[in-house]
Every structure is written in structure tokens, then in C-alpha cells.
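Got some structures for you, see below.
The following pair of complexes shares a single chain, subunit A, combined with subunit B in the former and subunit C in the latter.
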Partner chain A sequence: MKLHVVFVVAGVEYALPITFVLQMESFTGATPVPGSPPYVLGVVTLRGRVIPVLDLRRRFGLPAVAPTLDTRIIVTQVGGRVVAFCVDRAREVILLEPERLQPAPELLSERTIGFVNGTYTVGQRLLLLLDLPRISESDHDHEPHALPAADDHRRPALPG
Partner chain B sequence: MTTSTDLKEFLTAYLVEAEEHVALANQRLLALEAAQRSGGHDARALREIFRSLHTIKGLSAMVGVEPVVAIAHRLEAFVRGYDRLGTAPPLHSTDVLLKGVQAIAQRLTALGRGEAASPPPPELLAELDRLDSTQAALVEQSGPELDLEPELLAKLAPFEVEQAVRGIRSGERGVIAEFFPSPDRAAQGFSINSVRERLSACAEIVRVLPRSLPVSPESPAGLSFVLILLTQASDEQVASAVGVKAATLKPFSTLRAVASPDVPDSIGAPAIDDEENDPLAAGVRRGIVRVDVNRLDDAMEELATLIVTRYRLARAVAALTARGVNTRELSDVVADNARQLRSLRAAIVRVRMVSVSDLLDRVPLLVRGLQRTTNRRVRVELEGTEAELDKSVSERLFPVLVHLVRNAVDHAIETPDERVRRKKPEEGLLRIACRAHSNTRLELTVSDDGRGIDRQAVARKAGRPVPETEAALLELLCMPGLSTRDVATTTSGRGMGMEIVKRVVIDELGGELELATELGTGTTFTLRVPLTIAIVDAFAFECAGQRFVVPVSTVDEIVEVDRAEAVAVPANADGRPNLDIILRRGHAVPVVRLANVFRMTHEPGTGQKAIIVRRAGLPIAFAVDRMLGQQEVVIRPMNDALVRVPGVSGATDLGDGRPTLVLDLVALGTSLGAGGSARSALT
Partner chain C sequence: MNPTPSPPPTTTADPRSRAERAAQSLRATAAETRALEESALRLTSVGNDSAALGQQLSAAVESIAASAEQTSVSTANIARSQANAAELTQTVLGGIEDSATALREVAASVVGVKKDTALLAEAAENTAAAIEESVRSIRVVASNAQDLAASSEELLASGTEMAAGIVGIAARADSAAAALVEVGATTEEMARGIERLTNDARDVSTRISSVNASTAGIAKSVLEIAERGKELGVSVANTASTAERMSRAAAVAADSAKQLEGATGQNASTVAEVAASVEEVAATSEKNARVVDDNATSVEELARSAQSVSRAAEDIARLADATATGAMQVDGSTRRIARLCEQAREVGDRVVHTAREGGGAVAKSIEGLAKIKVSIGSSAAVMKEMAQRADEIGDFVQTINLIADRTNLLSLNASIEAARAGEHGRGFAVVAEEIRSLADRAATASSDIAKIIRALQTIAREALTATMEGERVASDGASLAAAAERALTEIVTGVQEVGQSVREVAQSADEQVTVVQSLTQSSNTFRTQANLIVEAASEQAKATQDIVRGANEMRQMAKQTNQAAVEQARALRDLVRSNERLTQNAQAVAATAAEQASGATGLAQTAVQMRGLTDTTLNALNEQSTLARNIAAQTEEVRSAIDRTLVGLTEQSKGAVEIAKTLDSVHKDAQQTSKALAEQTKAGKDLEAASRSVATLAGSVTRATNEQTKAIAEIAKNAEEVRRIARQTARALDEQSGVLSSLAEGAAHQSASIAAVRKASSEQATSIGEISRAVDDMRARIREIVGVTSTQARGAQSLSRELDELSGRIVTIRAANVEQAALVEGLTASLDAGGTAAP
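This part shows the complex of A and B:
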């Protein structure tokens, strides 16, 4: 059993192993960085470190919405890299059994293909397990549709 | 038993100090070897090697690292023997000594990783045993020695030493006089020849040693003669013969006469004073504190937060003032505080400065090792090592230096045979020079007299057109993935590590890199890097509603842009003019709106101020909306690939808790300046 953080982006629930999560905070704005990919909201300072904030809505190719009181940023760390994600809501931490991870159904959401490692079913709920390294990878083409197919999403993250 | 934390704390300090002495010992061993090769003896280096080994032994005994104690003890004993003999150890022993020091270094590294130090290598001990037996034979034959300065002693032939010793034994006094020739003295009848002549009446001249000195009023010729004399006459008589004051004469005597020959351990005792070499006492006497660089970083980090707080305070005061509160006294306090913080910053920056020599001194050992593996012969020249730079810059530069040096020895400098064929000296030359380029930058050049870089071959290898300029060639060499080994061996080129060199020098340190190379003659790399990083003076400004800062050092000037006087360049496709030209001291300066470059939405009509920077010597002006003043900022790097964009070198906190981007307008100007990309970036 592993602890996962559950968050919501555009009505869909996602899970992220808690071992990747450094902290969660309310979103109070980020400094835009001209020239960065459109899904990068900007940078925030966290404990003296300047880290990028990704808008998961835009990363999934969805229209951006104005932040609300529920908007959260989830600060994650993979390897030495620290990246924050802006999500609509994040309130829950639950235990999931890694053995029960199932492949993502084809038509689940074509927008998130390539960002999802699989799914968990918890009662009536469907949770998508996010492929964290993949999602914070910077690609040259910022169009989500142009991303490689799901079978390619396991290539190593953090280029360079 | 000591708690583990205490021991750990202590171990770190031990490792720092021990490693320093390892470095020192290595450096001196090389100096010793160099002197030996040229047929001389560097007695001072030998003495310093002894001291370092002695200190390592003492420190290691304190923390109970027995293997290091054992190795250091053996090496020290060997060196001490030759120090007492006053002669150089045999040339082949340097190798053994270097191996021994390396064995110590390996054990220190292991300790640093939390591993145990392995016992001394038996081969090393066996080699030392062999050396010791040679030495023992020498000690047997060696005669008594004199308590002259080691430099002087080293220059005396054995028969001269014998002559001096005999003289002193028979009741003469040993006296050293120093004569400074000059035109004035010559006019008074004192030349070295007349001095010799006069002395012959009252003293026996053992040896006259010329010594070169810096030119000064005292030694206008930059030269003096040290006269080693035996005499029965009074100091006054000798002094008048030489034409100096009696007080300047120095006596010397024999050592064995003082020391009992039966107690070998006291031979030379006055020179090597164990109390003086006590590692603890030594640290205190020099008044030097060694600090883990992380602690300095912590101090800098604390200062950074303090500076941020200062700006918050200043804002709060400004807000009060705006509300009509009388804040005069408060403002004075804030101003004082600002000044004090500035001094504190300068003080911390000074603490963090290390000598460039720390960096350069590691080169000879590196080259020595490379010569072996590559079958090259290389002479290293180091120049201008007085500059100081921030420890963190120095640490980043080291791998760069290693790459450049390795390339030079491995690829650029030819084998001795080939060099002879090419009518070059058999020994290659690697020259590293260092000088302050300005108050804020250091210039480091790494030159070799090797084959130079073959542009055609590099271009072929990279699958690109042949570069026309050295700058283009450098760019090609720094191309990621340009495989070096092939290029290097078939064409004399370089490439190995050049990508890293570029990344550190340009991307991480914000410095410059240049290349000059001539086929068959040699190559020079020039690096210009800032002496410090982290805190800089910067202008804050506003553009399209967002605040930015730009380091003062990169700004040429800040001007008003009078829209009426600016000449608009004909509109481009979307009909929006975005490039103006202004006249500045008779030069046309292009003005680009930063908001356009960054594609930020902004109201037309703004952009009243322009910041002029120079890229490759040519001015370019960036129009912004409003200048907000000058202040110190703490630059934090933005390392993540997602936000590493041209023109943005980092972020800072102006007191509002949010990052403010630090712009590199020079880089931005350069990225605009590259032909067509300028237009595309501007549309």
C-alpha cells in the first residue's frame, strides 16, 4: 500500500505517489517567464529556490481558468528536479495498492494520453496515475496532440 | 566514547586540513623534482614537504586514522633525513613520495565517503624501505653541515662546505656579508672586485654568490653579492672592507659542533622545531580559520534574506510616508541599515574569496600525470596568481581547467618525436595566465604550443560547413555530442569536454569564452568570468506591468526615448512599427521594445525609457516603461529546463516574496542580433 495525493483537474481525479510530493500550497500567483512554454505559468520561490509552476489544464490542452480559493500548487521532486503543478483542487491523501494498477482505457481521455501510467478503481471512483517525469518534460512542440503515443511515454525524463 | 556527531564534525575539519597539506606536499614535491631535473636542489620545498607530512601525521594521530599516521610517518622520516643532510633526495624517490602522498589522499577520500581507511599499501612500504637503505648509506658519509640558509647552503660545493667547517673548527668565525653594487658605490670605489681585494687582507672568501633582487633604492642594479667569509678580524674590519655597516653582517657556524653526533635525532634540530610544527599551534599562530564552504553559503543565504527584509522595510516606510506619516527618523534608520548591510555583504564576499593560485597550483600535478599516460613532455608555466575569486566560482572553474589542460596535453601538444620533426622544442609548453580583467572579472588564458586546431577536420567531423572565424570554430567545438576522440586523434582538434567548458563558463558563470588557434603553432583559450556571483547591483524597472531587474554592470546607459525624435523603421507585416532608431552621440542605436521582444501585451505609447547595452561592441536599446531605481539583488539561478530562456539569467526577490526575473539584456540583444531571428523575435 502506498500513499497517494489525489487532485482534480477539469473534473478528472488524478493520483500521485506521495513520495514525489514535497508540499502543497494555495496558489497566490507566479511570475511569468517570457519565452517559456505556454503551459508554464511562471516561477515561484520556494525555500530560496526558484521553481517553475506548470498549469496542468494547459498541459493537457484544456482551456485555462482563473484561479479560485480551491486552486492548489503541488510541489514535486523527481531526482534533483523540483517542479510545481497548478491543479483545480487537492484535498485528499489515500492508500493505493500498486498491484491494482490497471492500464488506462483507450478512450479515457485522449488529452491525457502520454501523461497517465494507468488507473486505479476505488469504489465508484476512477483515479488516473500521473506519469510525473513525463509531464514535466519540456518538449519542443508545445502541442499536446503532437506528443508521442502512450507506448513511448516511458522514455527517460530530464533530458540534458 | 565520543558521540558520532562530534566525531563527524571533527572529521570534516580534519579532512579539510589534511587535504590542504596533501595538496601542498604534492605541489612542493613537483617543485623539488623540477629543481632536481635542472641539477639543483630546492631545500625550502623539501622543508615544506616535511612540515606538511608532519602536520598530516599529527592531525591523523589526533583523530586516530592509523593507516595515514603510518604512511605519513614513513614519508616524513625519509624527507627529514634529506632535510638534515642538506641534499636533494635521489630523483627516483620523488615518484615514491608522490605515490605515498597519493596513498594518503586516497585514504582521506575514503574517510570522506564514510568508509574506513585501508592499511598502507605493502608495495609502498617496500619501496620506502629501499629508499631508506640508500639514505642510511648517505648519512654515514655525510660530513658536518653549516647553519646557513638552505638556499645558500644548496649552492655551496661539498669542498666549500668542508672548507668552512674546517675554518670554524680551527677557530675562525663564519660571517656573511652582502654587497649591493651600484653606480654610486662604484664611484666611491666599491665594486665587487675591489671588495674581494680588500677582503683578502682580513678574511678568507669561501664563496661569492650573486643573488638577483627586485630593483629598489637599496639595490639599484637588482643584484647583490652574498659573501661567505671566514675571518679572525673584527666585524668592523670586515664591514669596512665590504663598505657596509657592521650590524648587517650575519654570523654562521657549524651544526655538528653543537649537536652531539651520538644522538642523530637532534641533528638539524634548530631548523625543525617540533613545537613550531605542532599542528594546533601552527593554526593559531597564522590566525587562519578553515571553514566548510557550506557554512559560508549559509551565511550568504542569511544575508540574502536580510537584504530581502530590508526592501520590505523600505516599502513599509514608503507606504507610511505616502499616508502622510512623518518617517524622517525611520528613514534614517533604514538608510543606515542599508549601508551596514552593504558593508556586511562586502565582508562576507571577502571571506568567500580564495586565491586563484589554489586553482592553478593543482595544474602541475595534473600535467605530470598526463605526461605519463600520453607520452608527452610538457612544461607548465603559471603566471599572475595573485587575483582572488569567489570559492564557488573557483570550484566551478576547476573542471573547466582540467578539461582545457587535458585537451592541451593529450591532443594539442605533439609527441617529443613529432615535435623534433617539426623543429619545435622537444618539451611542449602549457601556459596558464591569470589576471584581473576589470574589478569584477577575471581573465584566464590557457595556451599551448601544439598543433593548433584544424578547422576542416572539425567541420568534417561535425558535418557542418568549414567555420570562417575562430568564434564559429569555437561554437562548433562546443556543439553537444561532437565526438572528440576521433576528431582529437585524427586531426589534432579538441572537443572533449568543450561542451562542458562552454556550459560552465557561459551559461553558469555568465562569462565569455574565446579561441585563438593557428595550425601548427598552438592554441589559446581565453576565459573571462565574474569574480563573484550571487549578489549584484541591479536596476529595477517595469515593462508591460511586470517588474524586472538588470545587473548594473551590463548596462551602458539609461536614456529617455523621445518618440518625436525616434525614427520608426518601416512597419512590418502586421503593420505595427516596433523598431525605432535613436541617435546617441552621433551613432544610430536600434531601439527594441522589451514588451515586443517578450510578446507581452502592453499599451501603445509606453516605453519612455531605454536601457542601452552593448552586444559585441554595438549598442542596442531596450525600451521599457518605467525605471524603479537601483538596488542590490540576490540572484537565484533558474536551472529548470522549462524556464531557461534566452535573456533571463535568474530571479530575485525584491521584498514582495515573489520572484522578479533578472534579465541578461546583452544575451537577449545577441539572440536578436542573429540575422533573421531578430525579425521573427520582434514580430
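This part shows the complex of A and C:
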């Protein structure tokens, strides 16, 4: 049994192990950073730290929407890297049994391939398990200038 | 005669006694002639009086005719005013129908507002349910269970009040339905009244037909009077011929006088030349007998004339009777007119009264509409306030959402921290999870509330629009009612004009009554005098018959005297002296006769003038006949106008029946509204029960954040506000319903008033028709009297002339008598002298 944070992007529910999450906040805007890729909204200051914010919609190749009261920032830590994700909604933590994890089917959207580790079924709900390290790593693979540019502010020497 | 021997003295006594007898008889005749003269003089004065009376009568009749014309003109004025008033009444009816339409629109608008209010109440109920859910969801979170419980109690109290208010509304709606039933009954009554009015109008039409027949009869009688005038012309012509004959007789009398003069002259010369000749005396005597014979003839003629005078006097008496009868009839008809005028005046007063009542009803309508407008205005204000409150509630919901959001975020972060704390944080994680789930439920409840508030705002906007519409309709109704009031004022003015005309007619009728009374008096006096004339004339005729008998006796005696004179011719030689006197007298007689002849000629001329006047009268009568025909045509026009009015009344009756139907359907609507209100009552009770369960649940409410509690308290307060507003709206609707029912009552009252006006108006029309008929009748009678009076005046004048003539003749006879007496005295003297000389 592991606790997961549940969030929604474009109507699809995703689960993220709570161990990756540092904190969650309402989105009140980010300071844009020149030269950053389009899915980087900018940086925010939280508890004295300057953290880059990625828009998961854009990261998934979906059209951007204006932020609402429900819009949330999930601050994650993978290894030593602290990255915040902007999602449409995040109001829930849920207990999930690891043995009920199913592998991601091939039918999933092309765009999400490589971002999802598997699926959970809770009652009628279908949750996609987000592969957070992949998202961070794939930034380097596909868009080498994006994340380092954002991260270089905080951590110039990021371990592989 | 000269050779005739002197009569023996023994025979002297016989002629002398005869002469004395003759003298005696002559004196008797003279006395009778004097009596006759006096009687003739009396007759003449009576005849003059009669002529003067006739003229007076004629003048009175002419003034009556003038009054009748004035009355006729006034009657025409009344008829015009009456038509005007009928037209105005039509206008008022139209205005009232428009008002009724406006009222129906108002009623429809109020029904719409009621529906909206019902929706509003439903929404309020939903809000209450949502609040309840919200209360349930935050009971663990809520910090102040007591406050919530208290607000739930308040909610319960409000629900109870609202239920009671809805029951009240239902009761009022029932009473409004009952009032509508009453209005329906009143309208049906009105329809029946219009039906009756139509029947009355038909009655009027029938009466007008009979007036038409009367007018035709009048025309006929005028023609008869014209015929009578022609007869009068013939009688005048007869009079003229009689006068000419009389003139000829006078000429003959003059001739005789001249002859007498010549004879006496001859006598004188004979006596002078042959004084002793008895033959001359005999001749003189013979001539004397001839004169006597002529005198007798004249007297017979006089007797015939006296008889014709008597007949003429009897004719006059008959005419006087006819005049008196006619005057009495005129008197009766004039009194009837006066009575009818009084009735017409009363009817006019009633119409004014009824019209004023109608004006009052309209003023009430206007007042009621103004109240509706005010009430609708307050409804609109309440609606606006309600919309504003709903906005405020929306703000509170927004705040609750924010708080719930933040609570959720905090609980999530707590869970994250607990996860990081590992085993130590497990208990904390459970609490955080519970907080999160409560915050989520609060958020769900507040979003439900937001939905309900949005629905509420929509409803409030619709209610506001409906209220505006109601206000506009009420304004329209007020202006229509004002138009009706103006029309009623015009009716009052018109009816007062009618009253003025009726008063004028009444005045004319009163004047006529006076004139006719004096006419009746005059004709009675006239009749009495005519009877006196008849008596005197018959006395005269009798006296004349006596004179005729005396004259015949005298003639007999004269013949005998003549025979005696032939026998005693010689004894009459001494007649020379008396003959000279006789000559002088004869000359005087001749002069008198000549004067008589010229008088007779003047009489003939007068007769011719009289004939001309009679022709003029005939022409006037023909004109009158034409006028009577014109009156008949005008009466026909009046009848056709009445028929048109009848058609209009039938249409009105149909319109009234339609109004009754419309009211019936309004009644049905009211019943449906009543049912809907009963359902509302039930819903209110359900709400009360729901509120009760809310109160029960409030007991288990637990602590939560202070802000949330405050927000909930605010929401409760606002919900209460919404209920209060709903109650106000209900109250305003009640007021509107009340005002509407009073308006409906006012409209019914108005309709009744208008029906009464119509009824009174038709009664007036009937009265005017009767007056018109009576005036025509009277006019015809007056014409008859004018004809009769003219005939009478002419008869009186001819009688007067004949009487004058008669007097003249009597004077002539008397003069002749005196002459004769002198002659006989002279003869006696001669005989005496002859008797003395002979021995």
C-alpha cells in the first residue's frame, strides 16, 4: 500500500507516488524565463527556493488553458532535482496497492508514451501512473536545452 | 172723378169712423214698429259683441298656434339632444369594454407573477435543502453547533410563517373566485337589462307607427277643414247675392219714394186745381192704398230677412258649440303635454343621477388601478432587492469555495508531510484525510448552492420583467378608465341640455294651458251670447210675423178706406192743405230712400271684399294641408331612426353576452389559481417538515473553522431574507388580487350604471315621442278651431250687416208709418171739413 497524489490534466486522472512530492500549492503565476522551452511556465519561489514550473498540458502536447482556482502546482523531487508541475486539478491522495498496477497498454496516446508506467483501476476510475523520472530525463533526450536551462539556475551540475 | 156727386151727409159718419179705425191701426203698427226697431238695435249690439268676441277668439287661437310651433321646435331640439346622448352612451360602452380588456391583461400579468413567485418559492426551498446539505457536510467542521441549531430553528419558524402565508393566499384566492362569480352574475343581469331595453325600443317603434297614423288623420282633418272653408266661400257668395238683392230692393224703395213724391206733387196740384173734386181724393186714396200695399210687401221681405237672420244666428250658435268643444279638447291635450313634459324632466334627472353614479364607479376604477400600480411598483422593488441578495449569496458561496479549496490544499500538504514522517505521521495522515474529505463535501455543497442561486437570479429577473409588464398594463387601464370618465362627463352635459330643452317645452306648455283656458272661457261666453242672439232673433222673427199680420190687416183696411174714399170723393176737397205737407214729407222720404240705396251699394261692395278674404283663407288652409303632409314625412323619418337604434341595441345585447362568457373563463382561471395555491400550501408544509429534520440534524453538527461557520450563518441569514422577500411578494400579490377584485366589482357597477342610463334614455325617447304626438294632435285641433273661428267671424260680420240693414228698413217702415198716420189724420181732418161744408 502506497500513498499517491491524484491530479487531472485535460480530464485524465494521473497518480504520482507521494514520496516524490515535496508540497502542493495554488498556482498564482510564474516568472517567465527567457529562452526556456514553451512548456516551461517560468519559476516560482517556494519556502525560499526558486523552482522551475513545467506545464504538463504543454508537456503532453495539449493546448494550454488559462489557470483557474483549481489549478495546482505539485513540487516534486527526483533525486536531487526539484521540479514543479502545473496541473488542472489536484485534490486527492489515494492508497494504491502495487500488485494491482497494470502495464500501460499500447493504446495510450502517442504523446503520453514514455510518460506512463502503468494503470490502476479503483472502482470505476482509471488512474495513469506518471513516470516522473522519465519525464525529467526525457527532457534531456528530446529537448536538451529545455530543462538544463531551467535547472541551471539552481543546480548547474546535475548528476545523470 | 170730378163728376162724382157729393156724398150725402148721412154717409159721412161711416168713412170717418173707418178713417179713425185706420188711424188707430196705424198707431198700433207704429208702436210695434218702434218695438221692432228697439229689438233690432239690441240685436245689432249683440251682433257687434259677437263679432268682437270672434276677433278676440281668433287672436287667442293664433297665439295658441304660435305656442304650438314653439313647442314643436323645442321637441325637435329634445330629440336631437337625445340622439347626442345615445351616441355618447355608445362611446362610454366602448371605453368600458377597453377597460375590461385592460383588466384581463392585468389579471393575466398577475397570474404570471404568481407563477414566478411559485418558482421562486420552489427555488427558495431548494436553497434551503442545499443549505441543509451544506450544514450536514460541515457539521464535523463547524465550530459552533449552537449557532447553526439556532439558525435552523429560525428557518423552521420562517417555513411555518411561509406556510401560514400561503394558506392565507389560498383563502384570498378563493374569495377572489367568489367575487368573480358575482361579477359574472352581474354581467348576466346587465345582458338581461339590455334585452329589456331592446324590447322597450321596439315598443317605441310601434308607438311611432301609431303617431304616423295620427299624423295622416290630421292631414285628412285639415283637408276636411279646407272643404268647410270652401262651403264657407259658397255661403259668403250667397251672402253677397243676398246683399245685392237687398240693394235692388232699396233701389225699388227709393223709386217708390220718388213715385210717392210725384204722386203727392200731383195730388197737391190736383187738390189745388180741382179742390172740389172727389175723384182726386179717391185717386189719392187709391195711391195711398198702393203705397200701403208696397209697404206690406216690404214688411214681408223684412220677415223673410228676419228669418234668414234667425237661421244665421242658429248657425253661429252651432259654430260656437263646435268651438267650445274644440277648445275643451285643446285644453285636454295641452294638459297631457304638460304631464308628459314633467315625466320627461323626471327621466332626465334620473339619467343625470345614473350617469354621475357611473362617473363615481369609473373614478373608483382609476383609484384601484393607481393602487395596483403602486403595489406592482413595490413588488418590483422587492424583486430588485431579492436579486441583489442573491448576488450577495453568490459572493458568500465564492468565499466558501475558496476556504474549501485552501482546506483541501492544507490537508494534502499534511498528508504529504505525514507520508514523509513515515510511521510517526500515520495518525496525522488519517486526520488530514478526514479534513480533506470534509472540505471536498463543503465545496460540492457550495457549488450546488451556486447553481441554485443562479436559477434564483434568473427567476428574479423574469419576475421583474413580468412586474414591469403589469405596471404598463395598469397604466393603460388607468388611461382607458380616464377616457371613460371623460365620456361620462360628456353624457352628463348632454343630458342636462336635454333637461333644459324639456324645461323650455314645459314652460311653453304651461303658457299654452293659460292661453287655452282663456280660450275656453271666451268660447263659453261666445256660446252664451250666441244663444242670446238666437233667442233675440227668434223673438224678432215672431215680432216680424206680427208686423206682417198687422201690415196685411192694414192693407185690408186701406182697401176699405179707398172704397170709402171713392164713395166720399166729394167730401175730400179740403185735402189741398194737407197735400202740401204730404209733398214735403214725400221729398224727405225720397232723399232718405236715395241714401238707403247708396248704403245698399256699399253693402254689396263689402260682400265682394268678404268673398276675396274667404279665398285667401282657402289658400291658407291648402298650405296647412301641405304642412301636415310634411309632418307625416318627418314622423316617418323618426320611425326609421328608432329602427336603426333598435338594431344598435341588439348588437349591444350580443356584446354583453360575450362579456359574460369572458368573465366565465376568468372565473375558471381563478379556480385553477386557487388549486395551484392549495398545492403550494402542501409544499409549504413539506418544507416545514424538511426544516424540522434540519433542526434535528443540527444537533449533531461538530466544530469546524470559524470562517466557514460565519459564512454559513450569512447564507442562512440570506436564505431567511429570500424567504422574507418571497413573503413580501406574496403579500403584494394578495394586495394586487384584492385590488383586481374590487376593480372587477367597479367594472360591474359601471356596466350596471350604463345599462340604467340606457334604460332611462329610452324612456325619455318614449316620452318625447308622446309629446311630439300630443303636439301634432294639438296643432291639428288648433287648425280646426282657426277654420271654425274664421267662419264664425265672417258669419258674425254678415249677421251684423244684415242686422244693420234690418234696422234701416225698420226705420224706413216707421217713417212710412208716420207718414201714413199723418195722411190719415189729414184725411180725417178733410173728412171733418167736408162733413162741415156739406151741410
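We adopt the following convention: the second predicted complex is superposed on the first by the 136 of 160 C-alpha atoms of A that agree within 3 Å, B and C clash if a C-alpha of one lies under 4 Å from a C-alpha of the other, contacts with A are read in each partner's own complex, and residues count from 1 in each chain.
To be clear about the criterion, contacts are C-beta pairs under 8 Å (C-beta built on N, C-alpha and C of every residue); 3 or more make two chains touch, one makes a residue touch a chain.
Only a predicted model underlies this, so the values are computations on that prediction, with no experimental measurement involved.
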Query raised in the report: According to the contact criterion defined above, which of subunit B and subunit C contacts more residues of subunit A?
Result: B
Query raised in the report: If you stack the two complexes on chain A, which partner ends up touching A:Pro32: first (subunit B), second (subunit C), both, or neither?
Result: first
Query raised in the report: Once the shared chain is lined up, is A:Ala90 touching subunit B (first), subunit C (second), both, or neither of them?
Result: second
Query raised in the report: In the superposed arrangement, does A:Val50 touch subunit B (first), subunit C (second), both or neither?
Result: first
Query raised in the report: Of the partners subunit B and subunit C, which touch A:Gln102 in the superposed model: first, second, both, neither?
Result: neither
Requested in this report: Quick one: classify A:Thr121 as touching subunit B (first), subunit C (second), both or neither.
Outcome: neither
Query raised in the report: Is A:Leu69 contacted by the first partner subunit B, the second partner subunit C, both or neither?
Result: second
Query raised in the report: Of the partners subunit B and subunit C, which touch A:Thr19 in the superposed model: first, second, both, neither?
Result: second
Report summary line: Intersected contact list for subunit A, partners subunit B and subunit C none
Query - Interface residues, subunit A side, partner subunit B - complex - result: 29-37, 40, 42-45, 48-52, 54, 81-83, 136, 138, 158-160
**Report entry** Sites on subunit C touched by subunit A in the complex
**Finding:** 401-402, 405-406, 408-409, 412-413, 415-416, 419-420, 429, 433, 436, 440
Report task. Show which residues of subunit B lie in contact with subunit A when the two form their complex. Result -> 301, 304-305, 546, 597-600, 636-638, 640-643, 645-648, 650-651, 653, 657-661
Report summary line: So, in the complex, the side of subunit A touching subunit C is made of residues 3, 5, 18-19, 21-26, 69-70, 72, 90-93
